[in-house]
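Alright, structures below, take your time with them.
Common to both upcoming complexes is chain A, partnered first by chain B, then by chain C.
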Partner chain A sequence: MMEAVLGSTAIARAESPGLWVLAWRRFCRDRLGLVAFVVVVFFFGLMVASGLGLIAADWSKEVGVSDAPPAFIGPQTPPARPAAAPAAAADSSREGKSEPAVIDPLANELSDIRHQKGAGATDTAIVDPLADVLAEIRRESGAASAAETRAPTLVFGGDKWGRDVLKKAIKGTETSMFVGLAAATLAAFIGTVFGALAGYYGRWIDDFFNWFYSIFTSIPYLLLILAIAGVLNQKGTTTVILILGLTGWTGIFRLVRAEYLKHKVREYIQAADAIGASHMRRMFVHILPNVSHVVLVQLSLHVVLFIKSEVVLSFLGFGVGVDTVSWGSMLNEAQNELILGKWWQLAAATIAMATLVTAFSLFTDALRDALDPRLK
Partner chain B sequence: MIALASDEVLVGIRNLRVDFRIDKTEIFEAVKGISFDIPVNSTVALVGESGSGKSVTALAILGLLPKENSRVHPDGRVLYREHNLLELAPGAMQKLRGRDISMIFQEPMSSLNPVFTVGFQLGEVLTRHLALTGSQARARAIELLREVGIPEPEQKIDAYPFQLSGGQQQRVMIAMAIACEPKLLIADEPTTALDVTIQKQILDLLADLQQRHRMSVLFITHDLAVVGDIADYVIVMREGEIREQGGVQQIFEAPRDAYTKALLLCRPQLARRPRRLPVIDDFLKPTPLELQDIPERSRGLSGDEPIVLEVRHLSKSFYSRVGLFGKREFKAVKDVSFKLAKGKTLGLVGESGSGKTTVGLTMMRLHHESSGEVLFEGKDLLAMPPQEVMRYKRRIQIIFQNPYSSLNPRFTVGQILMEPMQIHRIGTSEQQRRDMTYELFEKVGLPDASFFKYPHEFSGGQRQRIAIARCLTMKPDVLICDESVSALDVSVQAQVLNLLQDLQDEYHMSYIFISHDLAVVKYMADQVMVMNEGEIVEIADSDEIYLNPRHPYTKKLLSSIPQGWHSAKATT
Partner chain C sequence: MLAYIVRRLWQIVPTLLGVVLLVFLLFNWVGGDPAYLLAGKISNPEQIENIRRQLGVDQPMYVQLWIFIKQIATGDFGVSWATNEKVSEIFATRLGPSLTVLLPLLVIDTLLAIAAAMLVAYVRGSLTDRLVMIGCTVGQSISILVYIIVFQYVLAYQLGWFPVQGWGNNLAENLFKFSLLPIIVGVIVSLAPDTRLYRSFFLDEINQDYVRTARAKGMSETRVMWVHVLRNASIPIITNVMIQLPGLLAGAFLIERFFSIPGVGREVILAVERSDFPVIKAVTIYVAIATLLINLLADLLYKAVDPRVQLK
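Showing the complex of A and B:
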């Protein structure tokens, strides 16, 4: 009765636009949801900008000193590290090519030989074969280190190769969010099509999809993911999207199927049958818009889920390749750094992920309330 | 207001005003300052169409309005004994509810909890309010079930709600409501969801209980006809205001308000069949219409009309699984045969479960038949391959009962009307189809602006007009109206019936008019077919069947029709 009263007054209002506009108005009334929406849009903007190469395109460039601390902490003081001290040679295995000093690998051998030959021997007898090459390398590296001086601190610190952690986090946002969105879209697509077919036709088609679903869900989730990853045996963003999309459709399938079961016996579908609308038309033109809010809410729930899954996959080493950075691979690197007290890479990835996931979850809640106000 | 001594008044409502907040700026006044008394030991009927504020009034008396979006004006008072119920503390109000004032709702199926037995739910009321022990409560519950006329109460007390019929469920609800001997029983449309024969039983039961327990009943309904039998006083509400209140005799015999008159006369009556039904506007005009001025319409078949559709031996069974391999057959339609004459209306009457809707849906091929044939232009529609059916589909159309669910909520009205034309390639271009849509808007009385609006922006009557217009796009020969006006208010029902009649006069369509409302069928149909438990028990011309019903079931149906005031007087 109460709904009837309110409903009839809503009708009495002069202008009252489509259902999506009404849902948007309801959404705008939810302040928290709106804030979350702004955050999500911001991250989305980051993803697009980074994907187009507008920002963080040079994330792999080594701009700072190794493990450069964040700017708000200040440069590392102990231990003071002279630029080309011979002692640094011992450290070279860890520092790698980033150490500007160039050591002649034959120096020790040559001096030994010269010592054995004796001081009086002619100089031409023993010629350093690497002398020219070394001279050139020294000249070049001297010029380079003169041109780019490595920053002692970076905005949010650097990793062990001196790459900017902030830029890495932005690039990681691009990877993780893209994976989340694409995988969720794939899963929602599969789930919707399967659910529509099963729910609408019923009978043996429904049985078939239900058996398929049951078999699929009887395998432990992580095991299934790792198995598919093993079969595909190819690292990369596309692989991760396929893994998550192909395993994640099950929940959406069940919900969409239930919605179709409910809607196919509604009078408006009978009416569509009466006017001669085909099965496909009834399924996707008539019913789908009426269940699209369910799909949309599921889609955004799965974006959150898949972002987290991608992080887990990359952390376990089944995720994106070494040439790309994601929040998961950042967390993986952060394991070793944390022992040395370099916490900023961990913090950057965690903060970015927590912010996006929380905002997306709140956004999803608000979306559900706006699209399906009966739940309130 | 009815003049009463103060000791005769049980509940006095003074200047009750209820607002609903729609959003930040808009407020809807549901009840606009009404005052009335509920006298001791009598039945007060609160009558009005949907949106009149009658249910809101009842909820306000009980303090059950949703707190978050409703506001009861502080000037108003609901006086019960020495209390103002609107200012009572929630705890005290809760004690009062169920013990002194109780309520029965419209839908018994959704008011009972499906996972508990009837006895448990009744016992809960008794142990909470009367502090009875378990065995005492059970004994009292059996007594109550017997009192409300449930057969074998000792067995039925352990039944779950789904094991009872709709009428029995409503009886259980009444038993719960009277369990604590309330002073006031509020019944909100208690018989609207029930069949006409069950409705009569429940009304009789309520009248009987009111006398025996010497309580007062506030009976809320949209149907003035049911009021005549049981009410002592009648209050007519419209748009949150009281239009008229008075004794039942005065309201029925000498209504002063034009709206009351309209409500009484909009409903088709068994005695008369005017050419057009009067609508509310006819009475609110400066020179109100007199019913005698409308010419009567004669109905019936002459016998030489061409037959447009013939149904032969139609049967439909539904199967449910029993055990592992067993199947139980339920025969919804048993060997039904009839003929439909061109340009005439065949009324199909029966109670819920009689199979009348199944007949309609099976003819449309919306259900698969079990056996039988439907001949249209000499061809059996049911045996046709799907491609061939498409050509005939547009010529038989259906209008469903519920205009709220038979239109796709995500389509604009324009899309809804253009779709059948696109599917059947009616009209050569989109522009032509659009023009045809606007023509139909005019025909069914919808504004042109409807084209870009969504169904939820229309009222029930307007939505039914959209559904009718959708059928008209295909210019059908046969139109099946499946309870098409049952969900509408009396005044709107009259408008839609008039529209259907005008369209039949213009296009010579044949109607199959399915309804449980015998008065409406009498008004619309040339021929009436009565169905009971899947079988046709009687077919005859409509005047004939109402004057000389032959089958006992038809007689029982006819005697259950609420007669309003006049015949109620005649029988007593």
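Showing the complex of A and C:
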């Protein structure tokens, strides 16, 4: 008898699935979205593994010959190299095979001096000041050229300096995706906080943030980014993240503000007020979870936008530093290589970027459909 | 109507002051003393001292701000730090080439996107629709850089159909010789996102009751689509086109740079490369002013297109 009652209450109390569980179920039904999600997770794994140095840590090592073609094409025959190419010619000295002998620049003069002084002069009197250094350099370069015989082909080809393009693309994935995620997180954070304050408090606070918003939106996006890049005048991943994040919050702000305007007059907020919840608690504990799906979709959209922007900035040379590789800097190198018929770096950067961005866009669409079923 | 315009113009003032303040803080405060920047670029110390005096670097911030506001009001931003050309002169001469490329680009892109969007919206849910949409998503995810590099290499460099880059002296030559490839690339790049966007506008209208009523009355499909749906969908489309207008003044940065078109966008990139602050400042401020005025114009145009809109 007792047990039966307990059992029935237990059944009555069985929780109905929450928003996220329902969204996940809807998401799983979208096959295209799932595939896109898997691809995004794969790229995310690449980013983490590359960031931890598990893969592509030795991307800057010059393992192949200059402009090594992909393995599926086969090694290049010497005449295939256009002789007229000045860029290639200038760099041919860097090619590993013809390791030029390290010549002592003072050797001739020293022997002259020794001759003049005659045999009587002791050798110790005139010591070659560079001898020790040169010996060391010779030893090192000898060891290096002995250890690495440069590969004639690489998996997906090599760049001008014989670095593996595939590894560069992985490293570029790390940079570009990290910048996109970090900048989008920063923008979403700023946009959410501003939007929450403006929408919740209203009145002069709302006016102030709207004023701020109108300032940022009255300058075209790319112009604003370039102007800030011009002023900061320093390269680096952090700089790019800050530029993109600090300028890109406007769209998120507008949407979050509208959501807060809608939510702050609902009954559950009146109830929260009645139990004595503070403004901050009402804003960020009660309302925020209810608008978080908007933020999440926007975050995802902005990742794509910022990845594209980072590529353009890095291409123009205002983005990541010279010691970092990004898809943008790869495209910059590829531009000159293409004229010489070396298309693989262009292809590698393009394929990597297009795959990630397509997958991310499809994933965002699926996410939106799953989180907001009314839209469909 | 007039009262509305006056009130809107009045509302522009605080925003404009904000933009001025933002640009001022960015360049005079974050940017710091130009002497540090120019030390390696201008060898003549007298010239640097001159620039510092013009900006009022050694004076308090409010004096510097006042100098900046006077510069905006008179349109005299002095000379470029890099080329000694007058900034107003730079803007005046670079605007023409930018518009030569961007105006036809905007018109062609808008017409094609409307046509494509109307077509796929009409056959929504079909295989064509889905293929076009997936094509748009993939096309959109390839960087604009790749389009420019590949098109320039294949169509201009290898096939020789277009000049690789360059700019002439008369409008006809510029428009029909040098602008063609830039316009083609620009249309291809913006067609995908615009088609997706306009398709959603058309879909919003196609499911409305008035469309069903029109069909029920026995109107032809052509009339339903071209007269009823298109006219209603054109309202958000106009907004989207108006949003792009200020961008015309800022120029097409990447296209101008790749094709060596002496436009505003290329000038801005050059200015950023050379830390040529007067040029960046002037372009930013004037484009912002233009944006604010065009926004007002867009609202007035709204009223003309859609009588339901109440101007408040």
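Here, the second predicted complex is superposed on the first by the 293 of 376 C-alpha atoms of A that agree within 3 Å, B and C clash if a C-alpha of one lies under 4 Å from a C-alpha of the other, contacts with A are read in each partner's own complex, and residues count from 1 in each chain.
Everything below uses one rule, namely that a contact is a pair of C-beta atoms (placed from the backbone, for glycine too) under 8 Å apart; a residue touches a chain by one contact, two chains touch by 3 or more.
Everything numeric here is computed off the predicted structure, so don't read it as measured data.
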Between chain B and chain C, which makes contact with more of the residues in chain A? C
State whether A:Ser361 touches chain B only (first), chain C only (second), both chains, or neither. second
Could you tell me if A:Asn290 is touching chain B, chain C, both of them or neither one (first, second, both, neither)? first
Contacts for A:Asp273 in the overlay, against chain B (first) and chain C (second): which applies, first, second, both or neither? first
Is A:Leu261 in contact with chain B, with chain C, with both, or with neither (first, second, both, neither)? neither
In the superposed arrangement, does A:Phe318 touch chain B (first), chain C (second), both or neither? second
Regarding the shared-chain residue A:Leu226, is it in contact with chain B (first), chain C (second), both, or neither? second
Residues of chain A that lie at the interface with chain B and also at the interface with chain C: none
Using the touch rule from the top, collect the residues of chain A that touch chain C in their complex. 211-212, 214-220, 222-224, 226-233, 304, 308, 311-312, 315-318, 327-328, 331, 334-335, 338-339, 346, 350, 353-354, 356-358, 361-362
Chain A residues within the chain B interface of the complex: 1-2, 4-11, 13, 16, 18-19, 29, 266-268, 270-277, 281, 286, 289-290
Chain A contact footprint on chain B (complex, rising order): 20, 22-23, 26, 28, 30, 50-51, 53, 55-56, 59, 66, 69, 188, 361, 364, 366, 390, 393-394, 397-398, 400-402, 405-410, 412, 419-420, 423-424, 453-454, 456-459, 467, 470, 474
Contacts from chain C onto chain A in the complex sit at residues 14-15, 18-19, 22-23, 26-27, 30-31, 37, 137-138, 140-146, 149-150, 153, 157, 246-247, 250, 253-254, 257, 268-269, 271-273, 275, 277, 280, 283-284, 287-288, 291-292, 295
